[in-house]
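Shared chain: subunit A. Partners: subunit B in the first complex, subunit C in the second.
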Partner chain A sequence: MGAFFALGLFQGAVYGLLAVGIVLVYKAKRVFNFAQGEFGGVAAFCAFYLTVSLGLPYWIGVVGGLAAAVAMGLAVERVIVRPLESSSRTIMLVALVGVALFAIAVTVLVARPIPRVMPPIVEGGTVDILGAAILPQQLILLAVLAVLAAAMAWFFRTDLGLAVLASSQDLRAAQVVGIGPTAVSRLVWGMAALLGGVAGLLYAPVGIFTPGFMTFTMLVPAFAAAVLGGMTSLPGAFIGGLAIGVVQNLGIYLLGQQLAVPGAAELSVFALLVLVLLIRPQGLFGKEA
Partner chain B sequence: MALLEVADLRAGYGSVPVLHGVTMSVEEGSNAVLLGLNGAGKSTTLMALAGLLPVAGGEIRYDGRPLTGPPAARVRDGIVLVPEGRHVFPALTVRQNLRLGAWTIRRDSRRVRRNLVDVHSIFPRLEERADQPAGTLSGGEQQMLAIGRGLMAGPRLLLIDEASLGLSPKLTEQVFEAVRLINGRGVTVLMVEQNAGVLAQADTAFVMQQGRITVTGSGAQTLEDEAVRAAYFGS
Partner chain C sequence: MATATLVLTRVRIRGRIGLVLRVALVLAALALVAYPLLYGGDVWAQRISRAAIYAIIGLSINTLTGHAGQISLGHQAFVGIGAFFAAFTASRLGAPLGFGLAAAALAGTVTALLVGMVALRVTGLYLALVTLAFGLTAETTIFNWREFTGGGAGAFAPRPALVETDFAYAVLCLGVLALVLYADWRLVSTKAGRALAAVRNDEDIAATLGVNVTGYKLGAFCLSGLIAGLAGGLFAYWNQVVQALDFEFQVALVWVLMTVVGGLRSRLGVVIASSFFALLPLTLPNFLSGLPWQPPFLNEAVYHVLPPFIVVVMLLVVLRFFPGGLGQLLAPVTGPATRGSKGARR
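So, the complex of A and B:
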């Protein structure tokens, strides 16, 4: 059972990393960003192409992958988000689902839907944690999650971060003090895409990856993590991600393996979510802003 | 010398014209008041001055030069709007609201600190409430915060839109008193008001009717003006 706990913790780190990006966009724009996973998908495929297909050094793959993700983020902001700025949040949400599906379709067309193996950042054997075999890549992932969640929490205390919050609370007032709405919008989507790119690059080497790998299996638990944490809290996204991962894997062990309940992973995630929201509708760390 | 000169200004919302040629001149260091009924175009004038509304015709000159830049550039040049309805950032603290008021000068931390001291000297209440979310302040305190936030940018020309809206007579008098103090420190003030009580402290008064300035005069003189009474009070 300890092994499942450890597996869950490291699995949860990916959810947390995606959730940090989801929370950033929600705080800044009150938008549910369903394209968050595909920033990572695009980054992973670009990095794979540069390092494995072209044989370039690993760091070029990383930089290229992140650059591709940020470019995608800025394009989404310009082409989809800004024209829909004044429309309902539901329309925005559907459009962002469309972005994710479009990105997956393009990856399928360009890269073919075959499974790929991305080399890890650090080669080497697994580490034993509570009886689970954990890859060095997963240790890096958890560490990066902790650093980025803290960095984002710090960001919202800087002038720039306050300007982002201010724009989401009262756009007219933000303009009055001289904050440019377009610059804020670009900044938010660029940063969200960068966070998504980091998640994709770090997670791709953990298993095999295929088009849509970040969206189909990671995005829903990541949203659960963000909601669990209160949707606007960065420590909440961090804790929520780990909690979802742990509960999911404990569910697999207790319900799936011991009691042979089908769909144990999903069942336990949503049971946790429903339970927490019943007791604390605002989420674990939920408050305004 | 006139700090602000507006000549035949035309502006509106979409294809609906509101300003049909506004002409006015505000002296440097003066306290000017723009009076008029609802829908006369007072707020529209301030929005156009702040760069929040495109100008359809005419000219705005500020400090001797044509004024055309985006809102942020105008704030940097010292034209700061305190919008109607206060528009504070409700979930941010009073301190954070004031900090964002200094957005355009944020790299000059000494100036930001000096402006904060100034704001606290005019509105001591804001210092007491520093860590409180702005949304939890009373209406009068929010108005003080909105003006204080405007002052944080270090304005030369402060545009105040209906500061007395929804305030009790006592609070209104306090806000007007604060504006007198700000004006006394050398900031040129252009206030939009429906409360004619403000005329007593105004150097210049403009009365606006249907998108035009119909009366210009000193505050005291305008208060006595029969035409103004007719236009403004409808009697």
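So, the complex of A and C:
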């Protein structure tokens, strides 16, 4: 049980990292970014190509992967998001689902759907926490999540961050005081892609990875984490991510192992998501309406 | 007076042209389906069944998203429940096909009603998220429940003698598709369709107009679930075995994409786009590898992963350039045919 708690905490760190990007886009654009996971997927595949296939140093792989993610973020902003700015949010959501599926289709096409192993940042044995074997990579992941969540919370207090918030609250009024909507949009999507890229690069070495690995299993828990945290709160995304990870793993332990319920991981996340939305739709740290 | 007569005459003429156009369109569509059905053998009969099932699923999503404005990213749950119920009644209870399809439709309705009750509280983007998570849960939990679905081996649904051949089964699927199309047409041209349009546009205004928003929303979910369950039942007997793998996360997303590419609220567009999406993975790889000239860097394996790629490119092109989907592209042709009997369509 303690082992499942610890496993959940570290698994939740990945959800939190994705949730920080989701919250950033939602705060700035009021859009659910279903492509957030694939920023990480693209970054992981590029880093794998550079470091393993070409044998370049690890830091080049990291920089290349992050650059690819940011390039993808800016491309999505230019080609999909900006032209659809005025259409309904549902259409935007479907378009972003399309972007995620497009990225997966491209990775399948280019890289073939075979499992790959990415070398970790720090080699070394596992650490025992509450009886669970935790990789050094996962410790780094949790630390990076804490730093990034704090950095993003700080960002929204800077002039630049306030400009992004102003632009999301009233685009016209923000324009009047000299905040360009295009620059804000580029900044937000570039940053979201960077966060997604970091999540992908840090999570890929934890297990084996295949095309779509950041979307198929990670995206729904990450959204659940963002909703639990209140959708607009960065500390919320951090705590929500860890909480979803813990709930999911306790669900796996109690439902899956004790009662042999299939799909316990998905079931517990779904149950928690519905409960939060029905009982406290503003989440833990969200403001009312 | 003279002007009024003139207008009336014009309307009558246009009505007549519309009727002729409509009959011509229906005949053309029938010919398009009948040719491969009659001369394509079992392979094409199977493909046409698949296309019809996809079209029914597309119309199910169209009912919910197009008419009622509620998004569902978890439609594989409704379709899958229908399929497993049909297979369960067929293989465990030995029930006839009609009973199996009715059970499938009922199962889809009940499931959709449950999700619809959540949708009364949770709207918009959050509903998309809940349905996505629900679809994922249904796929991993319910569809892997060994006693009900047979676990990984799948549940079997043997066809009864009457529709044993692929040809007869294709005719059955087309018949159900025709029924669903008729239901959709009646829905939009009656009070219920106008009420749903009001709910779609603005729930508060609809409520002040005396529209029972809760009832119509739940009704739309139930109808969509019924149609989806029916499609699932047809799928079960079509494939004759149902597995959890048939109702993956990606499948549900592709269904939403095909409905949007077809154009929400455009019956013809949805049917064409759904059929296209159903047939593309079956026909494209064979077609491309049968071409006399093969590009050096492409091969059969690449052709098999091309369809999802094409599908998504189509979606992005449609959203970017024709937000109304195929329906918008077809409007110059279908416009004169449907004008005058538009009902609640916008």
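One rule holds for everything that comes next: the second predicted complex is superposed on the first by the 287 of 289 C-alpha atoms of A that agree within 3 Å, B and C clash if a C-alpha of one lies under 4 Å from a C-alpha of the other, contacts with A are read in each partner's own complex, and residues count from 1 in each chain.
The working rule: a residue touches a chain if its C-beta (ideal position, glycine included) is under 8 Å from a C-beta of that chain, and two chains touch if they have at least 3 such contacts.
Nothing here was measured: the structure is a model prediction, and the numbers come from that model.
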In the superposed model on subunit A, is it clash or fit for subunit B and subunit C? fit
Going by the contact rule set out at the top, does A:A151 touch subunit B (first), subunit C (second), both, or neither? neither
If you stack the two complexes on chain A, which partner ends up touching A:I179: first (subunit B), second (subunit C), both, or neither? first
Figure out whether A:L162 sits in contact with subunit B (first) or subunit C (second), or with both, or with neither. first
Tell me the contact category for A:V117 with respect to subunit B and subunit C: first, second, both or neither. neither
With subunit A's C-alpha centre as vertex, what's the angle to subunit B and subunit C, nearest 10 degrees? 90
Now for A:D170: first (subunit B), second (subunit C), both, or neither, which partner does it touch? first
A:L54 contacts which: subunit B (first), subunit C (second), both, neither? neither
Partner chain in contact with A:V106 - subunit B first, subunit C second, else both or neither: second
Between subunit B and subunit C, what is the shortest CA distance in the superposition, whole Å? 20
Touching both subunit C and subunit B, counted on subunit A across the two superposed complexes: none
Quick check: in the complex, which residue numbers of subunit C touch subunit A? 65, 69, 71, 73, 118, 121-122, 124-126, 128-130, 132-134, 136-137, 139-141, 144-146, 249-250, 253-254, 256-257, 260, 301-302, 305-306, 308-309, 311-313, 315-316, 319-320, 323
Complex interface listing, subunit A residues touching subunit C: 31-32, 79-80, 83-84, 87, 89-91, 93-95, 97-99, 101-102, 104-106, 108-109, 112-113, 216, 220, 223-224, 227, 261-267, 269-270, 273-274, 277-278, 281
Mind pulling up the subunit A residues that touch subunit B in the complex? 159, 162-163, 165-166, 169-170, 172-180, 288-289
Write out the stretch or stretches of subunit B touching subunit A in their complex. 50, 52, 70-72, 75-76, 80-83, 87-92, 96, 99-101, 103-104, 106, 133, 149-150, 153
